[in-house]
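Sharing a structure below in structure tokens format, with a few things to ask.
Chains here go by letter, A, B, C and D, matching the order in which they are written, and residues are numbered from 1 within each.
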Amino acid sequence: MAIARVYSEVVEAEGHLIDSQILNVVFDTVVRRNASFDVLKFTIGRSNDEPSAISMRISAPTKQILGQVLEELVALGCRMAEPHDALLREADRDGCVPDDFYSTTNHRTLVRYQGQWIEVQHQRMDAVIVIAGGAAACLKLRDVRAGDAVVCGVAGVRVMPEFRDRDRLGFAFMSNEISSERRVEVGVSRIAAMMRDVKTEGGRIAVVAGPVVIHTGGSPHFQELIRGAYVDVLLAGNALAVHDVEQALFGTSLGVDLDTGKAIEGGHRHHMRAINTICRAGGLRPAVEQGVLTSGVMYECIRRGVDYVLAGSIRDDGPLPDTIMDLRAAQDRYAEALEDVRLVLSLSTMLHGIGVGNMLPSWVKMVCVDINPAVVTKLADRGSSQTLGIVTDVGLFLHRLAQRLR
Amino acid sequence: MAIARVYSEVVEAEGHLIDSQILNVVFDTVVRRNASFDVLKFTIGRSNDEPSAISMRISAPTKQILGQVLEELVALGCRMAEPHDALLREADRDGCVPDDFYSTTNHRTLVRYQGQWIEVQHQRMDAVIVIAGGAAACLKLRDVRAGDAVVCGVAGVRVMPEFRDRDRLGFAFMSNEISSERRVEVGVSRIAAMMRDVKTEGGRIAVVAGPVVIHTGGSPHFQELIRGAYVDVLLAGNALAVHDVEQALFGTSLGVDLDTGKAIEGGHRHHMRAINTICRAGGLRPAVEQGVLTSGVMYECIRRGVDYVLAGSIRDDGPLPDTIMDLRAAQDRYAEALEDVRLVLSLSTMLHGIGVGNMLPSWVKMVCVDINPAVVTKLADRGSSQTLGIVTDVGLFLHRLAQRLR
Amino acid sequence: MAIARVYSEVVEAEGHLIDSQILNVVFDTVVRRNASFDVLKFTIGRSNDEPSAISMRISAPTKQILGQVLEELVALGCRMAEPHDALLREADRDGCVPDDFYSTTNHRTLVRYQGQWIEVQHQRMDAVIVIAGGAAACLKLRDVRAGDAVVCGVAGVRVMPEFRDRDRLGFAFMSNEISSERRVEVGVSRIAAMMRDVKTEGGRIAVVAGPVVIHTGGSPHFQELIRGAYVDVLLAGNALAVHDVEQALFGTSLGVDLDTGKAIEGGHRHHMRAINTICRAGGLRPAVEQGVLTSGVMYECIRRGVDYVLAGSIRDDGPLPDTIMDLRAAQDRYAEALEDVRLVLSLSTMLHGIGVGNMLPSWVKMVCVDINPAVVTKLADRGSSQTLGIVTDVGLFLHRLAQRLR
Amino acid sequence: MAIARVYSEVVEAEGHLIDSQILNVVFDTVVRRNASFDVLKFTIGRSNDEPSAISMRISAPTKQILGQVLEELVALGCRMAEPHDALLREADRDGCVPDDFYSTTNHRTLVRYQGQWIEVQHQRMDAVIVIAGGAAACLKLRDVRAGDAVVCGVAGVRVMPEFRDRDRLGFAFMSNEISSERRVEVGVSRIAAMMRDVKTEGGRIAVVAGPVVIHTGGSPHFQELIRGAYVDVLLAGNALAVHDVEQALFGTSLGVDLDTGKAIEGGHRHHMRAINTICRAGGLRPAVEQGVLTSGVMYECIRRGVDYVLAGSIRDDGPLPDTIMDLRAAQDRYAEALEDVRLVLSLSTMLHGIGVGNMLPSWVKMVCVDINPAVVTKLADRGSSQTLGIVTDVGLFLHRLAQRLR
């Protein structure tokens, strides 16, 4: 008589398990993996304020499958019923980690070290956790050094997903669906309120912006936000700055006159002249100091002491001296500038928006505005409780947002 | 020795042949058909104000190919050098015409009848020309009656394309490219100026609108345009009116509260109740008279005497008693309402926008606004000198347009 | 001392409450409406196969809010703990119902009549339920006659949502996200398997198709599906048939040669000639019988006895004699043709796809294929367990599907 | 009596002025700038094979406007009637040029130096022309060194636009319109024929590819093209290579199983493990040599000696050791790899596609495939005679292309 060997483990979770759809996803995960679950205990929150709690046995036909399922369940917020310290292994060489390394989510994470749960610093997704001097921190793979103590497996790891907050302003209201068939003014009001809240509480706001902000006439409204102290950090690429300077110097964007819509120059000559002018001045900041650049988004940033980081890309013309063409450095500068930021507005830029989204912990909200619903959907991949997507014209959006914040 | 037989014909054209790219298209057409051209005479306009003129011999290897090429060249504005009267044949039965019938463009067309060039009435595309009582008119195929004298072939037909006007306000400026990366405010200024011009000259303006106008919060701004007498005709479907009524009665659109963005009702109950309410009143007009409907786009139309036509579609709920579900009648009512209209605004509706575009002569300009560039591209198929496409959020667009027209 | 008056009611539900996210939505609904819930009893399904059950008290500050919440909860699958017969009221006039009428979902529904739960026939959304001769059926508002007994309120109504089936082939696998960044071949395999399953079990398959099927070269592959007996019903508009005939007669679609991609005719002349030819024959069927139409999608339908319904629209040219221009009749004919259909493929048509989606009960699955993600998202509005969206090129999709079904 | 001073200059041009719409654009440019033209002489090509020639006086109210108009006319292919040597000025510092520098187009360009017309090497757009050792070459602004002799103004510069070739295979046929409503198989045939032609003539083909090629299942078909020697250079980013490796090692792409469509891993763990594995091996090439990487696009490139360049971006995970994160170097390596390439296929990548488009001279054709029409439109900005845009599913496109090339 054959007896099927089964591997199993008891896991637990508590919190707003139903509201956050976590329970549903947990069950899905188990079944999809051809494993099974057996609920041992479940207490439901009787009202909206009370948390629920679950204990269940997960069983799988092989040890490997069980391991994979547990890995996924931990990422969703479950933990092993029996607590162990996290397993640490040494990185064998710079930029490499053991094969069973724990790959992070962007949720708040604790690891158990010497019997204590300690919080992981610099939380971000797709990182590894390294423990040093009794503290745990996320490290990008490339920043790992040979000999670092790397968390492996999922034992002793606890992930605390953000629970979707039903009553809170802002994110709950239109998170289900990304559609151009929405009244943008409703979104604008919420975002304005969130921005005011963040500033009132002393928080920082970052704006990630693509050149379309300039092309669509959003520049004066964006400048108004900067002057109103609603922008603490500007993260962008070379193109935004070049188009901004072109408009400041010549009134055009890629040769199109922004007041009349006429293509003033056949080619891109204004564009190249703008770059040449800033190069001669030695960069944007010297250009402002020398009185060469006297208006525009970059000018306002420099005048108001708003931190800005321009990251290079393969399609850049120039680039401006300010643009960081070493992308390792650019990523590090972006990440640094995002420290302590509480809200990010991503305006018409898939590339930089995804870059920033990858760096943020899940508790920093991101508002993504783009006229292309596919871009908004892609940026909302971080999760609907972390991202608010608005499908609209970014120039008109900024006009309304600036009005609302007056 | 074999001598290749060649069929040929001399055609002529004059006007702004280069500016309008007509010459280029004519040459393309000939070459694509494996025919050839031999320019007999060409005089170029020396300056922007002077027309050019060309005379050329078209040669083709078969009579049939020559016929096809000539057919296309006539549609582009060429005419046979030797004038003939148009060939008339009798329609053999209702709704049918001889196989070689002349299929119209939407450009101003003349036919030669008894030695005189007479202008065709009710010009529209994809129609046939019938001559009766010495007058020529476009008729839809289904309106042809057995025995009608139908113009066949292209001899005696002369098409006068609209020449693209370089200096004129409005259409020239952004006709090359449909893109979301434009400053919409430039387009808004031009459209506002066009609307004022049309009204000053006593012309009529039609608006074709989809329900997205309501969803995106464009309704109050659209109402302002109506109150400002900038709308003479509203062409729409059942959905626009139902969503408008739902908002007027319940403050929602498909159950979504337009002020808070919250989905008030799980289902579409407000939607169905709105229909039921108007059905009970006997229609929109009685509902206004009975004081049941006291605000909204349809209310403003009725109160201001703006003509409206609602055409049914397969996806309609209800429909409202006002919606014309017999589409032959709906098309006829649309076409009637478009008589003497000089400018059409098509707002977020591909279906009704294409329907209207099909009915218009080429000298009636159409402004198409949609957030989806593919829709704008499709509507711009009429030709770039006839259509101005704007890719933006229609709710915010109407807000800016109403501001500009104040 | 003021005591806040509270209105409350106990409701119950059972089934796969967590998997289907129903519990989550129920709680959301209550909180969004400023009501509150108190879970009296909850038993969780211990494993994937076992249902869960809940009993909870819903409380609200006003009777009206309580009523609205209950209305929504019933639509989600909850029922009053204390059973009552459904409330019936007489329709006061043709096409009108009492204001508190019950507006249907597309889920299987029972009403309690004379102490018995009876199933509602012809289930569809946005209808009313009329009881006659002891039987209950969905009726469109316009089909209600004065004196009909109409179900009002939610007492005595029970909705049975389709529970999302985790293990079942086909729908679970990619339901979360609509994206063009997917391997379509995976979807094709599933759809082919579903089609085979349906046919093996003797079920019927309907295809809703737009003219893009022809433009993109999908026609020969679609014809192969028809010859393979995978299509029982074709629902389309005038345009599909006209483009199909144009291709059959002239090898072009809107004048574009489908083999070379060259625009053969400047205008739309082939298009109009195709219409004229079918009109002369007296319709598509006579054209096939007379040997005028000898290939194409419509030809294959007629030859294989596939039922087809062509619904008119405001943008139609012609139309063909087969096109039903009275849209009340067209909707009725569509609905009739969809009886007993078990699977619907909607190919590149938002208009007809939404029309069909509105008519279907929730247990008929719909596969929506379009190159525009916004269209697929819109069609998927029915619910992710009812609709499978694929973002791809429909011509190439049909090629792969036909290959897979060989 | 006031006499308006007018500045004027005679310019000449010859070639297929009408076919290429150059004449039209020249006239547009003059009028848009408030200048005027007076045609002195025009001879039209009598047939399709004969060139036309024009001589005209351009007049403008100010010297500056005249200069700007001439600048644009030269870019379009006109030249001053009176020949002068090009004006050379010294670059004042590294990376900077005099303000009136000549900014290049991507068309073949000649400069007059010491009475001789010499051809400019390394032609690309938005560059400057530097003369050294009697030879002229395009230089990117950042590569200019203090003291370089830079061409300024437009005297002595001659641009030779590619004339659109009516009869040539490939590009003429669908250049007018970018639409998803096309039969892709027609495009596939043309592209296959072009690829065969290029290879037969010993030319090189470059493919620029985004990660969507992998997600959509295009990988095996792309590998077939590589094995068939149809790819000489692969230009991509980090993401393509990482997804390719993930698929090769684990059968997934971002955790989605490419065979079943199931999301195998909750997180992106496979993705990070793939990076870790290649980092440990020391890069892609060592991974192939060590037998770690044994299939996929990168594997085939390495095995077949296909040159590849991976350029970094701000959103990169990892990156792989092969990815060039210094973007100045990456741009230089891209440009080098594109030397002597005669055809470029850009597959689902706006970023790298635009980057490559910027580097190409106008006589290198580019085929752009993307499911998003806006991306194709944007890439087609180079000009319709240089770019062929196809809106379709890239996975299915590659399947058909590989079939066609067998």
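We adopt the following convention: a residue touches a chain if its C-beta (ideal position, glycine included) is under 8 Å from a C-beta of that chain, and two chains touch if they have at least 3 such contacts.
All of these numbers come straight from a predicted model, not from anything done at the bench.
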(request) Could you work out which chain's C-alpha centre is the most distant one from the centre of subunit C? (result) D
(message) Applying the document's contact definition, name the chain pair with more C-beta pairs in contact, A-C or B-C.
(response) B-C
(message) Measuring centre to centre with CA averages, how many angstrom lie between subunit A and subunit C?
(response) 37
(request) Would you kindly tell me how far, in whole Å, the mean C-alpha position of subunit C lies from that of subunit B? (result) 32
(message) Could you pull out the residues of subunit D that touch at least 2 other chains?
(response) 32, 180, 262, 372, 374
(request) Could you pull out which subunit C residues touch subunit B in their complex? (result) 29, 32, 68, 71-72, 75-76, 92-93, 95-97, 99, 101, 103, 105, 125-126, 141-142, 237, 262-263, 265-269, 271-273, 275-277, 279-280, 311-319, 325-328, 330-331, 334, 351-352, 354-355, 358, 372, 374
(message) Going by the contact rule set out above, which residues of subunit A touch subunit C in the complex?
(response) 18-19, 21, 23-24, 27-28, 30-32, 36-39, 42, 44-48, 54, 166-167, 177-180, 373-374, 377-378
(message) Which residues of subunit B touch subunit A once you look at their complex with the stated criterion?
(response) 173-174, 180-187, 190, 212, 215-217, 256, 258-262, 371-372, 391-393, 395-397, 399-400
